[in-house]
């Protein structure tokens, strides 16, 4: 009896066996939410066991969008996988490209010119802005505001996507970073458009907060819902705004200080309650910080080459070895682990997706709440299925 | 009905009644009464049917404009033919009935819902001479017809034999029942002050002018304003509109008790919701906003039904405006809001009205004392209960990592 | 014309109440019962008592029907005791005897009391008079009814909360 | 953070029985890793998490790597003295050595408390077929739960002590493990008539052309 | 006090409702079939083969079937078969041309890596986005006829990039001609000295830069 057909080993010891309520009262209603459900942000399914309105058990089911991105990565060249990284977290192509480029540059020991580093920071922060705006819109759509905050969020996101399109050629599938720099240079009038957008973004955020943050119904629906403690989050590997919402101030831009982030002064907001309202507010505050970073980067971006002249586009064969590069994506820590055996294709190409790991605590957050809360909690975790299923 | 020909009544004012008499005067007595009521029914269905169509279009246009997009403008100029297009689409859709559904109940639910919401139009005075049925206990009739909607919602949810519909039916009933009480309690003060249950009596009670220009509508008194706000909030909940549209919360239980309905039956539910909303707004106008009275004496020349229409439209726009802005409440918050906030406020409002009617004769400084006491009696419980209800719900301030 | 209508309404009320007892499907029988209540309220309308008719609809069709439906809905779980015990001979005989006794008492009461037959144009009291009557001579009765109702609702709340509490302490 | 060799020596001192060694990383990234034997990986993991100097409380990434059997050709130079007294003949002798294959699990550990960099922890299974099991580190770091389930799903490494070991990405009825080097795609392959290389041959094998016409789409 | 947040929310929606009538910033919809949104120059959708002149687009393709793009394309949607004979290209040099050049546009993901790696600037990204077809297979398999588009079209959709590419190409051709002229001159000089020692090996043919 091969070990795979048999039922997996009975959960021996292990401190984390979730003791779910065993003797149930009354007849339980098992409802399957998804994979085709209006509020699961893509093909994600939750098998929810309900006792009346209260959730007693919640099992996430993944894999509906699994295309084995890592096997494809191992059968194409290093450059060939770059356009595929756009399809991981398809809302933030720029940060995925940068993470992959960072890992390959560490693997091959390439240097990146100044202007390219500044351009990468500008694009990453723009991508963070549009991701957080998207999340705020989707979260409020889940609480039932019939599309109004979502449309305001999308109105701003469209402007940022137009900037990506006029620079990289496509709104979401940018395929813009290369190993050792960026693909094309940013013209000065493009930078002018970016600065006018950034200067206007603060006013939009004030109007957005005026509409939503003080709203009593939203506070009733999100405060105290899905509370997560700091140590549990750290042990579960939660990163990004979710982690900072429960008080742990861990931001990879400050910790690893990759790229040229040490040159910019910005603060990392941390929450105190760790509930859905904090996760929403942390993202709003992070947007304000990103505006600060963008203004500083636009102010002192130098002229100069944007591509390391030594870097070869085709036939890039790094020496055998391995490297793990990670950056602070809008959803958390996105990392690439590459093992090279000297050939043109990576021997092992592994993506560490933030949404996938952030789902670990979904059941613990939802236990005891109602279905309406589970929808809001899932919305606050901010998952994108392209990255979860890879 | 045929009030004396008082002076200053314009031709337009009596036009609808004159038209009706023209058509039915030559008939013998029993048939004449029958024809009159038939004409009244046809008029109501035509006017409110068109209003329903216009309302669906207005809702989508206003929601669009609020969300910085033009709204439907493809069918006809400015999208005016959109309701007709929706109607044709809905009526031509296949009417699917699940195999193991309870066929009789499945059919009966939308029918009873629509019937009861249309019945509610019988007692609302649309104009000086435009009242379909003159009942002595008209307001009580209006709300007993409203009570049957719960029955229809339950039948819809139960007959579909579908897990989601069952959950949604239970929720819908909890919501309707818990908001029936504040709805009834909110119009009791009006009956106490105007001393009658008949709608024409209530409108007549609001016909006087204070200081020559201010109309004595109930909404301009402290207890009237509180009653009006509670009535509108409860009306929102009764017609399953925005912050309380829990049964068909699409983000949770797909379409709630409407999941198994399609085609014509779905249109019935949709129509019943809009008719319910219009009827409740009509009753709010009659009870609190002085029915068909003009706001200023100088504007009396405009026919009364135009004023009723204008007030009705503003209230409906308010409904749509609220739908465009607020997120949804959870089921337990919704019922707690009803029992722990609206019902106590409505009871206190009864007390305020009692004080108001007892202190009727006060003049001069006593009048000022009367108003301030009334305002205090309204505002203080509102603030206290509000603070207890939203205890701990405050926008928070955030610190930054070292 | 009105007598024909009256007879029709009476027939509708009676047969809906009768079929309510015969149907196997519980929900259908409850709805038929509600239909018979509406029939009764139409009778009040004939008698010109609008207030009582609308109160009847509001109370029975609005509230009592909900209580009955909820009771039916929540107790459908235990279907085991739904099966009626076998219709033995002795059960039929005792049923007929009981029905006969009730019928006899009713007939005795109806036939002996001097009721004016035919439709009497009772005084159509308007709501204000009902109000003053209730608050005036019958104030005591009203207060007693009010007291009973509050006690009943408080009892319900207490039972519900203790039942809920016991459930809550269990799986904490 | 102290260098890896110092950590390795402290571990050896702390757990005498464990086989702990440092695996150098030849590439410029210079992220060397700590190879730990299967038996004692959980105690070492708990030690790394609870040691006041290290406090590695955050397991960022758990990866499976498949190393199939490799034929290693050792070229040894043999000098055979020429009997006729001429210059000695130098010949290479190629000896094949079959290095047994194994499945490897790599953990990247960070410390959120002391904010220091990656410690790479590697464990290996005995072989790739029947004894492909490794003690699970989910009880130590909860973040490894989903990632270990993914390694079980795509590589077939059975994790002892994992609270809920099921397939996470593939559907439950799926046999075999797609990320292994020797994985062969099933033939019932959804065929797109794109005219290049091996795809066309595979498509023709999967669906033979119909009476000489174009292969049926 | 309860309700102030709600009233603020209503105020914002009212401002947006009023704003959508007069403030272009608050009505951002582009009503597609009548008005089309402006496409930036860098926009890329589906490659096309650049040909020198418009009269005979098929004949004068810049592509020399070196199959670099076929190897580098991540989803492998390009299929090239070299031609047996040679054909003179723009600078008169005999070049192989692609007999079959197919791109399966249902597989292509517009990542423009083929444009980056092509040493001859023979393939560029197009601006077309209204490409719906009624049939899933044949019409999406673009052949040489559908792919070839003249250089003038390239100038029309990407003025800056086209100018820069043409500048570079003409510079290379001029350099190639000078080298050819210099080589011809050197050969002529050698031929002029009749009794010169054995003529040096003929200079290497001017290879394509």
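In order of appearance the chains are A, B, C, D and E, and numbering begins at 1 in each one.
Quick note on the criterion: contacts are C-beta pairs under 8 Å (C-beta built on N, C-alpha and C of every residue); 3 or more make two chains touch, one makes a residue touch a chain.
Quantities reported herein were computed from a predicted structural model and do not represent experimental measurements.
Ranked by distance of CA centroids from chain D, the top chain is C.
Here the chain at the heart of the shown protein, by mean C-alpha position, is A.
If each chain is reduced to the centroid of its CA atoms, chain A and chain C end up 61 Å from each other. Each chain gets one centre point, the mean of its Cα atoms, and the points for chain C and chain E are 84 Å apart.
Between chain B and chain C, the centres computed from C-alpha atoms are 30 Å apart. Centre-to-centre spacing of chain B and chain D amounts to 68 Å, using the average Cα coordinate of each chain. Residue positions of chain B with contacts to 2 or more other chains are 66-69, 324-326, 390, 395.
Among all residues of chain E, those that touch two or more other chains are 2-3, 5-6, 9, 12-13, 16, 28. Residues 63, 66-69, 163-164, 167, 242-243, 245, 249-254, 323-333, 390, 392-396, 398-402 of chain B touch chain A in their complex. Partner chain C is touched in their complex by these residues of chain B: 30, 102, 104-105, 135-137, 140-141, 143-145, 147-148, 150-151, 154-155, 158, 170, 173, 177, 180, 195-198. Listing the residues of chain B that touch chain E in their complex gives 62, 65-70, 73, 321-322, 324-326, 382-383, 386-387, 389-390, 395.
Listed in rising order, the residues of chain A touching chain B in the complex are 29, 31, 38-39, 53, 140-148, 151-152, 155, 211, 213-221, 223-224, 244, 249, 251, 254, 267-273, 277-278, 281-282, 285, 370-373, 375.
Chain contact summary for the complex, chain A toward chain E: residues 76-77, 79-84, 148, 152, 155, 158, 162, 165-170, 173, 175, 183-184, 207, 210-217, 219, 313-314.
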